[in-house]
Amino acid sequence: MKTSQKHTWKTKLHEIIYEADTPEGKLFDIVLLIAILASIILVMLESIESFDQKYHDFLNVSEWVITILFTIEYILRIVTVNKPIKYILSFYGIIDLLSTIPKYLSLFFVGSQALVALRALRLLRVFRILKLARYLGASNQLANAIKASRAKISVFLFAVLIASVIFGTIMYLVEGADSGFTNIPKSVYWCIVTMTTVGFGDIAPITPLGQFIAAVIMIMGYGIIAVPTGIVSAEYTKSAGKTQNPKKEDETKLKTVTLNTQCCANCFAQKHQDDAEYCHKCGCKLRYD
Amino acid sequence: MKTSQKHTWKTKLHEIIYEADTPEGKLFDIVLLIAILASIILVMLESIESFDQKYHDFLNVSEWVITILFTIEYILRIVTVNKPIKYILSFYGIIDLLSTIPKYLSLFFVGSQALVALRALRLLRVFRILKLARYLGASNQLANAIKASRAKISVFLFAVLIASVIFGTIMYLVEGADSGFTNIPKSVYWCIVTMTTVGFGDIAPITPLGQFIAAVIMIMGYGIIAVPTGIVSAEYTKSAGKTQNPKKEDETKLKTVTLNTQCCANCFAQKHQDDAEYCHKCGCKLRYD
Amino acid sequence: MKTSQKHTWKTKLHEIIYEADTPEGKLFDIVLLIAILASIILVMLESIESFDQKYHDFLNVSEWVITILFTIEYILRIVTVNKPIKYILSFYGIIDLLSTIPKYLSLFFVGSQALVALRALRLLRVFRILKLARYLGASNQLANAIKASRAKISVFLFAVLIASVIFGTIMYLVEGADSGFTNIPKSVYWCIVTMTTVGFGDIAPITPLGQFIAAVIMIMGYGIIAVPTGIVSAEYTKSAGKTQNPKKEDETKLKTVTLNTQCCANCFAQKHQDDAEYCHKCGCKLRYD
Amino acid sequence: MKTSQKHTWKTKLHEIIYEADTPEGKLFDIVLLIAILASIILVMLESIESFDQKYHDFLNVSEWVITILFTIEYILRIVTVNKPIKYILSFYGIIDLLSTIPKYLSLFFVGSQALVALRALRLLRVFRILKLARYLGASNQLANAIKASRAKISVFLFAVLIASVIFGTIMYLVEGADSGFTNIPKSVYWCIVTMTTVGFGDIAPITPLGQFIAAVIMIMGYGIIAVPTGIVSAEYTKSAGKTQNPKKEDETKLKTVTLNTQCCANCFAQKHQDDAEYCHKCGCKLRYD
C-alpha cells in the first residue's frame, strides 16, 4: 500500500490529528486535552445533586457539545487512517469509542452516563503532547522497573491474599457478628484493609483476643509492606544503573527518538527517528513534505 | 529400599499425584486447584447468612462432595508413597489432613466447619503446577532477601513492641477510660494500630495532651516504617546482585532445576535435575520409564 | 554600584540582620526565632476558645508586640539593603510581609488573623542560623534526590490521579449515596484517601461488590506505594554515591561554602567562600572590615 | 583503685549479676527476664477492671513480691560495684530505680503504680543475655544506619512539622468547628494524622474544599513517605557494604568482642575482648580467676 500520497486533505488531517510536530497538530492536541478535562469536570459536577438541580440544562448542553466534538474526532480518526480496523481495535481506539458512546446510551439507559469518566484514560495522551522527553524517559524507566518486578510483586500479593483468607476466617470465628465480622468475605475484606495499613475502622475487633490477633496481623503487614518497596527499589536501582552507564553515546539518539511524535498512517507505529522517511515497522511512507 | 518398581498402578498414581510433568499429572493438579478454590468459595458463601438460608442444601452437598474428593486424594497420597509416615508428618501432609477433617468434625462440633479456610494454604501448590520458573525464581529471591533480613527485622519489631508497651501505658494514664483507653492492653493495642499507620479510629485520643503524644507516636512510627523497608531493600539489592553476576554459567542450571517437578516417592525431596535418575537426597530411583 | 561602604549604621545593621557570623548577628537570629515560635504558639492558643476567653487581652497584647517587632524588622531589612525591590519580591521578602500584615488586616477583617501561621515558613531560617553544615549538607543531598526524582514522581502521581478518577466513578456507581458516596468528587476523594492508605473511615463501602473493588484498590495502592519510595531510594543512593567518592578533595571546599552565612547587600547571593571579598554574583564588595 | 580482688562474695556476686558467661550468671539473667515480663503482665492485668476486681489480692501480693525482688537486686547491684554513684547515674541504673519505686510510691499516691511499665525498658537487657552475636550485629548495623541518616531524617521531620502547622491552619479556616476542626492545635494534630497516613477518622473534612485540600495533603504525604525510607535504605546499603567488604579479617574479632558479656566492676565498660585481663577503659583488673 505504498501509494505516494500527495497533500490531500486526508493526509493533512492525519498530520493534525495524530501528530504534534506542526503548530496545527499541537493546537489540536491542546484543544482536545481541554475538552477531555472539561468533560470530566462536567460529569463530576452533574453528580453533585444540588449543582445538577441548578444548572441541569447548562450541564446537559455542554455534555452534548463535547460528545458531538468527540464523535467528529472519532470519525475523522477512522477516516484519515489507511487501515481503520486496526485503529478501532487498538487501545486508544477502544478508549475513544467508550468515551463517546455513554452520552448516546444515556438516551436509552439511566446511569450509563457516568461511564464518561473513562475519558480520564484519554488524558494519558498528554504525555505525547507535552513532548517532554524528560518525562517520557522517566515513565519508561518506571515502566521497566515495574515490568522487572512484576513477577516478584505477583508472588508477594498472592501471599498477602492467602494470608488474608486465613486470618479473615480466624477473625470471623473469634469476633463474630457483634463487631461487624458478619461473614467470612467481610472478614477477609477487613483483613486486606488492615494488612495494607488503610484501616477504615468501619469494622474493628472488640474482643481482647480479636485485638491481639489484629495486632499480630498489623505488625506482620508492617513488616510485609517493606517487601514490594524493596523489590521496586532494587529493580529501579538496577535499571537506572543500566541507563546511566551507556549514557554518553545513547543520550542524543534517545532524545531524538522520544521527541518525535510522528505516527504511521498505516500501522500506528510510533517512535520514528526525526529523519525517517518510511515507517520502521511497515515501510509505508511517513513524511508528506 | 531401592526396589526396581515397574509400571504398576502405584507408581503411575505417584507420578500423576505428586508430579506435573505428564499431561495426566498436569490435569490432576489443575483439577485439584479448582477444587480447592471452589471449596474456599463455598465456605465463604456459607458464612453469608442470607445466602446460606437460600442455598443451604446445595452448599452442604457440594461441601461433602469436595470433602470426599479430598479424602480420596489424601488416602491415595499415603498409599502411593514408600514411607507414608514421612508424608503424614510433612508440612503438606498436615495441611492436607487439616483441610479434610473439618467437615467430618462439623458432624459433631458446630463451628469447626470454618477451619476449611486452611485449605487456602494448599493453594501454595499452585506455584509447582504453573511451573513458571520465572515466578519460582522470583519467590526464591524474595525468600532469600527475607531470610537475610530476618534477624534485623526481629530486632526492629522487638523495639516496636517495647515502645508500644511504654507509650500504651502513658496513653492509658493520660487519656483514661472516656476515650476508649479502658485498660493497658487496649492502650498497647491502640499504640500498635497507630505505629503501624493503620489507624482504625475506634479508639482515638480526645485530650490535648493525649493528641500531642499521639502525634509524637505517629511521627516516630512514620520514621520507623523506613527501617524494615530499607533493610529488605538493601538485602534484596545484595541478593539480586549476587544472582546477577554469576548469571552466565548458572542460569541454565538454575532453570532446569526449578522447572522439574519430580518428587521422590521415598523422601519427598524436590528440585531434581531433569536428567536425574536417582533421588539426590536418598538415592531411591526416580524415573519410571 | 561598587561604592566603598564604610562602617556606617546601615552596613552594621545589614551584618546583624542578614548574617550570623558575628555575635550580634547570631543573637539577632536567635531572638527572631524565639519571636516566630512565640507568635505561632500565640495564634494556636488564641484559636482554643476556652483559652481565648480567659486570656484574651494578654494574647492580643502579645500579638501586637510581636507584630510591631516584625514590622520594625521588615522595615530595617528594606532599609539596609541596596536594592529594596529585589528583597521585597524575593521568597523571604514575601513571606516576611505576609507574616506581618495579618494582624493589621485583623483590624478590618475577621479571620485574616489566622494567616499568621504562615510565619511557620520563616522557621526555615533556622537552618542558616544553626550553621550546621551537617544538616545543610543533608538537606542539600535530600533536595538533590527529590529534584532528580521529581519527573518520575510527577508521572507516578499523575497515574494515581487518573486511577482515582476512574475508580472513584466506579465506586459512585456501585455504592450509591447510602454509604456516603453521594457524588463523584466525593468518591474520588475517598479513592485518594484509600490509595494513599490513609483510610479515614468517614466514607466506607457497605455493599459486597463495593468492598471487593475497595480491596482491589487497596492492594493496588499497596503495590503502588512501593514505586515512589523505590525511586527516591535509588536516586538518593546515586546522589549519595556521587558525593561520597570525590569526598577527599571537595569536602573542605563544601564545608567552607556552607558554613559561611554572608549575604550580599546588593543581590542577596549566598554561599560565599570564607575569604571572598566580593560577591561572586554581582561583584559588589562583601566584607566591611 | 587497682586492688587485687580475691574470690570474695562481692566479686562472685558481681560476676553473677552483671555478666552472663557463667552458668549462674546466665540463670540469674533468665530469672530476671521472667520477673520483668511477669511484672509487666501483672500491671496490664491489674488495669483491666473486671480482672482486677476478681483477683485484686493475688495481683497485689505478686506485685509486692516482684518489687521486693527488684529492690534486693538493685541494692546488690550497688553493693557489688566499686563506684556505686556511677551505676546509679547510668542509663540502666536510672531505669532500674524507676522500675522499682512506683510500687512504693503507690502507697502514697494513686496512679503512680502504672509507671511500672517502664520496666519494659529493662527488657532491652535480653539482647545481652541471648548472646546472639547475629542479633547484636544486626542491631549494630541498624543503629549505624539510623545514626548516619539521623541528620537527614531530622531535616525531613522538621519540614513535615512546618507543613503540618501551615496546612493545619488552612484546614481550620476552611472547615471550621462543625467537622471537628475546633482549634488550630487540633487541626495540626489532624494534619499529622493524615500526612503519616494513619488516618483515624475521628476528625475528617466534610466541606468539598476541605476534602480537596485533604486530598492534596494526602498525595503530598504519600510522596513524602518515600523520603525517609529512601534515606535509611541508602544508608543501610552503604553501611552493609562497608561491613561486607572487610569481612574476612574483622569477622572473628567482631564476634569475639560482641560475644563477651564481661562488665568492668569499676567503670561499667563493656565489649571487652575474650582474653582481656584489664578493662580497656579504666585499666581496672577484669577477670577474677
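For clarity, chains are labelled A, B, C and D in written order, and residue numbers in each chain start from 1.
Quick note on the criterion: a residue touches a chain if its C-beta (ideal position, glycine included) is under 8 Å from a C-beta of that chain, and two chains touch if they have at least 3 such contacts.
In this text the structure is predicted, and so the values were computed from the model without any measurement.
Chemist: Please name the chain that ends up farthest from subunit A once chain centres are defined by their CA atoms averaged.
Modeler: Greatest centre separation from subunit A goes to chain D.
Chemist: At the place where copies subunit B and subunit D touch, is the share of residue numbers found on both sides over half (same) or under half (different)?
Modeler: different
Chemist: Suppose each chain is reduced to the average of its Cα coordinates; what separation in Å results between subunit A and subunit C?
Modeler: Comparing mean C-alpha positions, subunit C is 32 Å from subunit A.
Chemist: If I count partner chains per residue in subunit A, which residues reach a count of at least 2?
Modeler: If we look for residues of subunit A contacting two or more partner chains, we find 185, 188, 197-201, 225, 229-231, 233-235, 237.
Chemist: Where on subunit B does subunit D make contact in their complex?
Modeler: Those residues of subunit B that touch subunit D are 151-152, 154-156, 158, 162, 165-166, 168-170, 172-173, 182-185, 188, 194, 197-201, 204, 206, 208, 211-212, 214-215, 218-219, 221-223, 225-227, 229-231, 233-235, 237-238.
Chemist: Inside the complex, what are the residues of subunit C that reach subunit B?
Modeler: My answer: residues 197-201, 229-230, 233.
Chemist: Using the touch rule from the top, collect the residues of subunit C that touch subunit D in their complex.
Modeler: Residue list for subunit C touching subunit D: 40, 43-44, 47-49, 111, 114-115, 117-118, 120-121, 123-124, 126-127, 132, 134-135, 137-139, 141-142, 145-146, 153, 157, 160-161, 185-186, 188-189, 192-193, 195-202, 225, 228-237, 240, 244.
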